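One chain, subunit A, links the two complexes that follow: it is found with subunit B in the first and with subunit C in the second.
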Partner chain A sequence: MEDFLNGYFLQVFVFICINIILALTVYMTLCTGQLSLGNAGFMSFGAYTSAIVTMHAGVPMPVGIFMGGLMAAFIALIIGIPTTRLRGLYLAIATLGFGEVVRVVALNLKITNGALGLSGIPSMASSLSDYASDWGLLDALRLDSQTAGQLMMCIVLLILVILIMTFWVRLEHSRIGRAFAAIKADEHAAELSGINTVYYKMMSFLFSAFFAGIAGALYAHATFFISPTDFSWHKVVDMLLYCVFGGSNVVWGAPLGAAILTIVPESLRSMAEYRDTIYGLMLVALMAFRPDGILSADVMKWFSNHHKKQNSRTEKGE
Partner chain B sequence: MLLELNHVTKKFGGITALSDISFGAESGQILGIIGPNGAGKTTIFNLITGVYQVTEGDILFDGASIENKKPYQITQLGIARTFQNIRLFTNMTVLENILVGHHSRMHSGILASVIHTGAQKKEEEAARAKSMELLEFLGLGNDAERMASELPYGKQRKLEIARAMSTDPRLILLDEPAAGMNDSETEELGRLIQGIRSRFHMTIILIEHDMNLMMHLCDRIVVVNFGEKLAEGIPKEIQENKAVIEAYLGKGDD
Partner chain C sequence: MLLEMKDVVAGYGNITALKGISLSVPEGSIVTLIGANGAGKSTTMKTIMGIVKAREGTVAFQGKELKSEKAYQVVREGISLVPEGRQILQNMTVQENLELGAYQRNDSQIGSDMEKIFERFPRLKERRRQYGGTLSGGEQQMLAIGRAVMARPKLLLLDEPSMGLAPLVVQQIFDVIKDIHKTGTTVLLVEQNAQKALQIADYAYVMETGKIVIEGPAADVAQNPQVRAAYLGGRKSS
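Showing the complex of A and B:
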């Protein structure tokens, strides 16, 4: 237990959670067939907004994080008006361009402190450990304040991930989710079936940006330091990989892909020089053998059938 | 008149796809549109459903112009259609395809959908029951949980019709529903279309090349050739119309 609760493992877990949220944001736009690559841009809006309002305006951290999400969604609303009319690669290029514009702007603004980045961002872990010591949890669990803070942050992030997943799964199983899926399958047929395609594409785009903003804000409070290079197109490629690796057609693909692709590079740290090669080979192998990602619709169907069978067996008392 | 086209002209750049087309469909009618390939039949459907905007003239649905209305708004007004080349949502089950059709008649918003409020559950159940009823009517009742892409061709055609019907339209436009069907399937389709009218009280406009089917099924027929209306009348009149026979046998072409 003591070994497991070391700072390194907890830190990796924090990044897994943040990456899961980021992978989900890519999945959210893919739900309506939109390949949006602007999520690093939205992430940086969330990160900088929350960092600045908590540092300079003394806004409480949860409010700051929420504001980060709102800010990202607001920006998405503005750029979404032209971009949700674009399709396929054109949307990808336009949003990728947006992300780069945001990065370059952040690089040159005073309030973002340019290339030096912002440091001394309030730490989520330490503010959580303050709560913990107020409640007397530290003594009860016999943890030092740093470990307790990180542990609590892991729990908070895990809950957040579960909430976002639940939110999206439930949305998918409603008339809104069906509208998303219809647009993904055939936008023209969806529109002629009575679906306001622009509205629903915008909705998925806004949700995606909002949660990317939240993830960015969480990232800022987890690392206490952000600079424009944290939100380059590399980040977008990472998010996209998480989503595609896990299976971009099912919601469970995003968390699976994010978890695997966060853990693998970490576990390969000992063989530093081969790390990128192994990582790359893994991606190539997956695309060769399972082009739809690890989890596809067929796999999910098999799971649910299996589950149903087991349930009926237990009902029969077998 | 439920639907009225008044002197409709559609130009794509310099090309006139339709010129001065006028006809109408009475409520409860089955109206056929025939004509050689490329005559502009599907363009008429695209104008009625708002995919294209008319260049000149106007289209009235239930007395009101549909000008500048988006396709989804026109569907909400009560016009549904099928496609010549089948366009099902292949990533969904048969039942889900039908439920998508119900979309514009349902009201649950984001919050209700996520919380699964009582009203939302009720709405979902009602939509499911109605969808199943529709699938039974079309003989797809046992296929509800299958993926749309797994259906054989004939059933995919039917599913398209079912999806259009699920938007609860007053007017339904069928674009070559019998394409690729054999004689017995076509016959069954004919009965089905009559059933749509008698049981669901929908007005039907259909484009079809199968003359046998059209002559039996339609109350009136409009003949289109090279973007112009060649003739209009009851099937018997059309069969005897010289211009129509010429257009079909190709006399005018040589």
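Showing the complex of A and C:
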């Protein structure tokens, strides 16, 4: 137990959680058939907003994180009006361009401290451990304040991930989710069935941006340092890979892909020279053998059938 | 008049596909629009639905102009289109496809309407849990019609429902159209199969290169020598 509670493992866990949220944001737009690559841009809006308001305006961290999400959603509302009318590659290129514009602007603004980045951002772990010590939790658990803070951050992030997942799964099973699925399957047919496609595409775009902003803010408070290079197009490629690797057609693909693709590079640290090669080979192999990603709709169907069978068996008392 | 188009000009980019179309569909009738490929029949349908915007002229439904309405709003007004090539959702089940047709409704009769559709198309009932993409062409057409009917339209637009189907299936589809008409739905039917269309229609319009060239009661149009020559194979027999 002591071994697992070291700072390194906890740090990796924090990144897994943040990456899961980021992978989900890519999935959210894919739900309506939109490939949006602007999520690094939205992430940086969330990160900078939360960092600046907590550092300079003394806003409490949870409020700052929420404001980061809102800020990203607000920006998405502005750029979404022209971009959600685009389709396929054109949307991808336009949103990718947006992300790069945001990065270059952040490089040149005073308030973001340019290329030097913002440092000394309030740490989520230490503020959580302060709470913990106020309540006397540290003594009860016999943990030092740093480990306890990180552990609590892991728990908070895990809860957030579960909440976001639950929210999205419920949304997919609602009337809105039906509209999303129809738009993804055939936008034209969806519109002819009386679905306001622009409205629903915008909705998924806004949700995606909001959670990307939240993830960015969490990232800022987890690393206490952000610079524009953290939000380059490379970051978007990572998010997209998580989502596609795990299976971009099912909601569970995003967390699975994010977890695997965060753990693998970490576990290959010992062979630093070959790390990227192995990572690349994994991606090529997966696309060759499972082009839909690890989890696909039929895998999920198999799971649910299996589950149902077991349930009916236990009901029959077998 | 349920639907009235007046001097509608519409097209795509530089191409003008409709060069001043006027047609009207009285409530409770079956009106057919026949013509060769590229005459502008499908564009007429798309213009009514608001997918293609009319550059000039007006489209009015129940006296209300549809000019600025988007397709989903037109559906809410009470017009449903069974598009050319069917456009059913391949990765959704038959039932999900039908439910989608009722998307803008929130009354309690959606379930009973679906049962009616299953009565009309027993094949769809057997396959209600199958994916749309696994159905045959005729079944897909039935599903597309069923989906459009699920919206409870006052006016049903059908764009070449017989396209690519076996003669026996074509007969079934036309029987279904007559059935739907009997339940009080007005029908505007676009067809290349002029013979079949003229048999069930009350009134007919013949289109050629973006214009209406002949119109009249379906029985008269069927006797028109030009129509017989061009669409009904009349010249061969004489």
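General remarks:
Everything that follows uses one rule, which is that the second predicted complex is superposed on the first by the 318 of 318 C-alpha atoms of A that agree within 3 Å, B and C clash if a C-alpha of one lies under 4 Å from a C-alpha of the other, contacts with A are read in each partner's own complex, and residues count from 1 in each chain.
One rule holds in what follows: contacts are C-beta pairs under 8 Å (C-beta built on N, C-alpha and C of every residue); 3 or more make two chains touch, one makes a residue touch a chain.
No experiment lies behind these values; they were computed from the predicted model shown.
Annotation for the three-chain superposition on subunit A: subunit B and subunit C clash. In the overlay built on the shared chain, the residue A:N196 is in contact with subunit B and with subunit C. In the overlay built on the shared chain, the residue A:V244 is in contact with neither subunit B nor subunit C. Once the two complexes are laid over each other on the shared chain, residue contacts for A:F167 go to subunit B alone; subunit C is not touched. Of the two partner chains, both subunit B and subunit C are touched by A:A185. When the two complexes are superposed, the chain touching more residues of subunit A, out of subunit B and subunit C, is B. Of the two partner chains, subunit B is the only one touched by A:I176; subunit C is not.
Taken together, the two structures place residues 178-179, 181-182, 185-186, 188-197, 297 of subunit A in contact with subunit B in one case and with subunit C in the other. Contacts from subunit B toward subunit A in the complex involve residues 49, 51, 70-72, 75-76, 80-81, 83, 87-92, 96, 99-106, 108-110, 112-116, 120, 123-124, 127, 163-164, 167. Residue ranges on subunit C touching subunit A, taken from their complex, read 49, 51, 70-72, 75-76, 80-81, 83, 87-92, 96, 99-101, 103-104, 147, 151.
Those residues of subunit A lying in contact with subunit C across their complex are 178-179, 181-182, 185-186, 188-198, 297.
Of all residues in subunit A, only 167, 170-171, 174-179, 181-182, 184-186, 188-197, 203, 249, 297 touch subunit B in the complex they form.
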